[in-house]
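Read from first to last, the chains carry the letters A, B, C, D, E and F; within each, the first residue is number 1.
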Amino acid sequence: MALIIVKKSPSEKISEFLLNLALPQDKVLFVQDGVIFAACKNVKNLVKEGVELFALKEDFIARGFDEKDSEVTLVDYDGWAELIEKEEKVIS
Amino acid sequence: MALIIVKKSPSEKISEFLLNLALPQDKVLFVQDGVIFAACKNVKNLVKEGVELFALKEDFIARGFDEKDSEVTLVDYDGWAELIEKEEKVIS
Amino acid sequence: MKKVLFAVYTSPVGSIWINEAFRSAFGMYGEDLEPAVLFVEEAVLAVRSSCKPELIGCLPLAMTFKYIEKYQTPVYAVKEDLDKFNIKEDEIAPQWNLKIVSKDELPEFVHSFDKVVIF
Amino acid sequence: MKKVLFAVYTSPVGSIWINEAFRSAFGMYGEDLEPAVLFVEEAVLAVRSSCKPELIGCLPLAMTFKYIEKYQTPVYAVKEDLDKFNIKEDEIAPQWNLKIVSKDELPEFVHSFDKVVIF
Amino acid sequence: MHVTIQVNVPPYTNEDMDTAIHLAEALLKRGHKVSIFLFADSVLAANKLVKPMKVDRNIPSKLRELSEKGVEVHICGLCAQYRGIGEDMKIEGSDFSGVPEMAALIYNSDRYINLLP
Amino acid sequence: MHVTIQVNVPPYTNEDMDTAIHLAEALLKRGHKVSIFLFADSVLAANKLVKPMKVDRNIPSKLRELSEKGVEVHICGLCAQYRGIGEDMKIEGSDFSGVPEMAALIYNSDRYINLLP
């Protein structure tokens, strides 16, 4: 399935567009200002059931969030590289 | 009073921020992608009563809109220059 | 043969992305690649024949037309975004040979490409 | 004495605008100008003491602190935007000496400046 | 009246330099003094090595023409260093300056028009 | 695996080059081949004349270091012309190319990661 990379903040239309694209079993990774999604209580409701959500830990922490504030799985750059290996398709 | 220049499209938060700033007797000029506002039926409801709305004709036409689609007064660059002369303050 | 989608979400006037998407797409024919272009959000304003960035001194969208015809590059736009801007069928420049895709078809549509580049 | 406002609406990490707003503001003291800086929208994330762009290799926000103290540059943030990001008073770095302005005070507040530059 | 226009985004990629140039022309026609302050990525607009396609407009040339008509073109020097633009690359009629110059322009201009990034 | 990362926005102003560099390093560590395609304003990242402040990171140097570790750095040539960057200004280990090279990278890479503008 696909890895969808969301790098813009929740206030940008393109982020919503990308989240709508995710099919069950796709993975969504929030990076850069996209990590603001990871702190949204309702983030899981923004995607179809069965979509797995991740956020880049470095970008989340740098923006002043605490790891425990994340509603999604945090991964580091090595984890991002791993997601790239696993998913055949990248949408970004 | 102030001339407030809105250059970003209606989908951007900063546009809403700028429209909220407008006080009665202020003038708002839509330029660049901001001119998309000029084609919105409800554009006058986005600002306080007494705020005058303008859009840059060149930018409106270039985006494929017809002059008659505009809900606000269209001005050309010369008209923009005139607005700059009249208003003591520019917020942009 | 791999399929490549160039999707553009930025406004057609005053930024380079639609022209760059087509320049990229046309470059794909040098390899065994099949490109397509998709307009979403404000990029759909491009399809009106009256949309002319050259009126404010920017590069014309129409410079892509002869290559779209030559290569038969498919161009898509999202129905709901066309509706949002009240773009009617008879306003659309025929040179785009525009195909419409609805919002709920989008996930399957985008997944049908091997590579996706969004501008 | 003229009053100048530098308002920033862009995210504090990964873009230069907050640092550029302060660099501009501090430059104003060479003239008979009185600068202030306002954080709106996502820029308010800057005020948390845990917000550290240097963790991903960008310039630190903290480099502004000694000049804020030296010049006593007033720094404001919008209350509703702080609330949106659930930023609590005890999380705010004291070096900002942050003043809060509410959304309905904003129009009068911004109009009280002679020149306004938004980043 | 002295009007200053500040630009913050790169030429070509975005239309802000075009907007600034058209507005400067309109202001000149109405008899005003115009200054342009190039900040952040907009400094690229004053690089005479910029080579657009023949079908495209030449923004640095247009800026130089404006300067010949009396428009002051100020380039933020630190911004230029960050974008690899040296003194020898700037168009004729433009000057490297910095935030002190920005402050002077803000202080002395009757109107200061920022095109936000 | 061959992974290509395309960047589209200017360095420093936005963090995309930093993101690309960090990701490239992580991919290298896991044994992958990495290419970076610089498109539009991101071409500034390969300009060796870029002079950041001393306290700031030097992005062109970091790119050169990556190229020494085997990362291919491709620069869109037309994009570079539009930004005043000549052959003599590019960092060692980078190459001017264009959309044909982009096509080859899209065709040959196992993964193509675009950082949208």
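Operating definition for what follows: contacts are C-beta pairs under 8 Å (C-beta built on N, C-alpha and C of every residue); 3 or more make two chains touch, one makes a residue touch a chain.
In this text, all values refer to a predicted model and were calculated from it rather than measured experimentally.
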| item | value |
| --- | --- |
| Touch-network distance, subunit C to subunit F, counted in steps | 1 |
| Centroid comparison with subunit C (C-alpha atoms), farthest chain | D |
| Most remote chain, CA-based centroid, reference being subunit B | F |
| CA centroid of subunit C to CA centroid of subunit E, Å | 32 |
| Where subunit B and subunit E are represented by their mean Cα positions, the distance between them in whole Å | 24 |
| Geometric centre distance via CA averages, subunit F-subunit B, whole Å | 39 |
| Contacts with two or more other chains, residues of subunit A listed in rising order | 11, 13-14, 32, 58, 90, 92 |
| Junction residues of subunit C - those touching two or more other chains | 13-14, 16, 41, 56, 58, 115-116, 118 |
| Junction residues of subunit E, two or more chains touched | 12-13, 15, 22, 40, 112, 114, 116 |
| Residue ranges of subunit F touching subunit E (in the complex, touch as defined) | 10, 12-13, 40-41, 44, 47-53, 78, 81-86, 89 |
| Residue numbers on subunit F that touch subunit A, as the complex places them | 1, 3, 15-16, 19, 22-23, 25-27, 29-30, 32, 111-116 |
| Contact set on subunit E toward subunit D in their complex | 6, 8, 39-40, 98-100, 102-104, 106-107, 112, 114, 116-117 |
| Residue ranges of subunit A touching subunit C (in the complex, touch as defined) | 2, 13-14, 17-18, 20-23, 89-92 |
| Subunit D contact footprint on subunit F (complex, rising order) | 12-15, 18, 22, 55-57 |
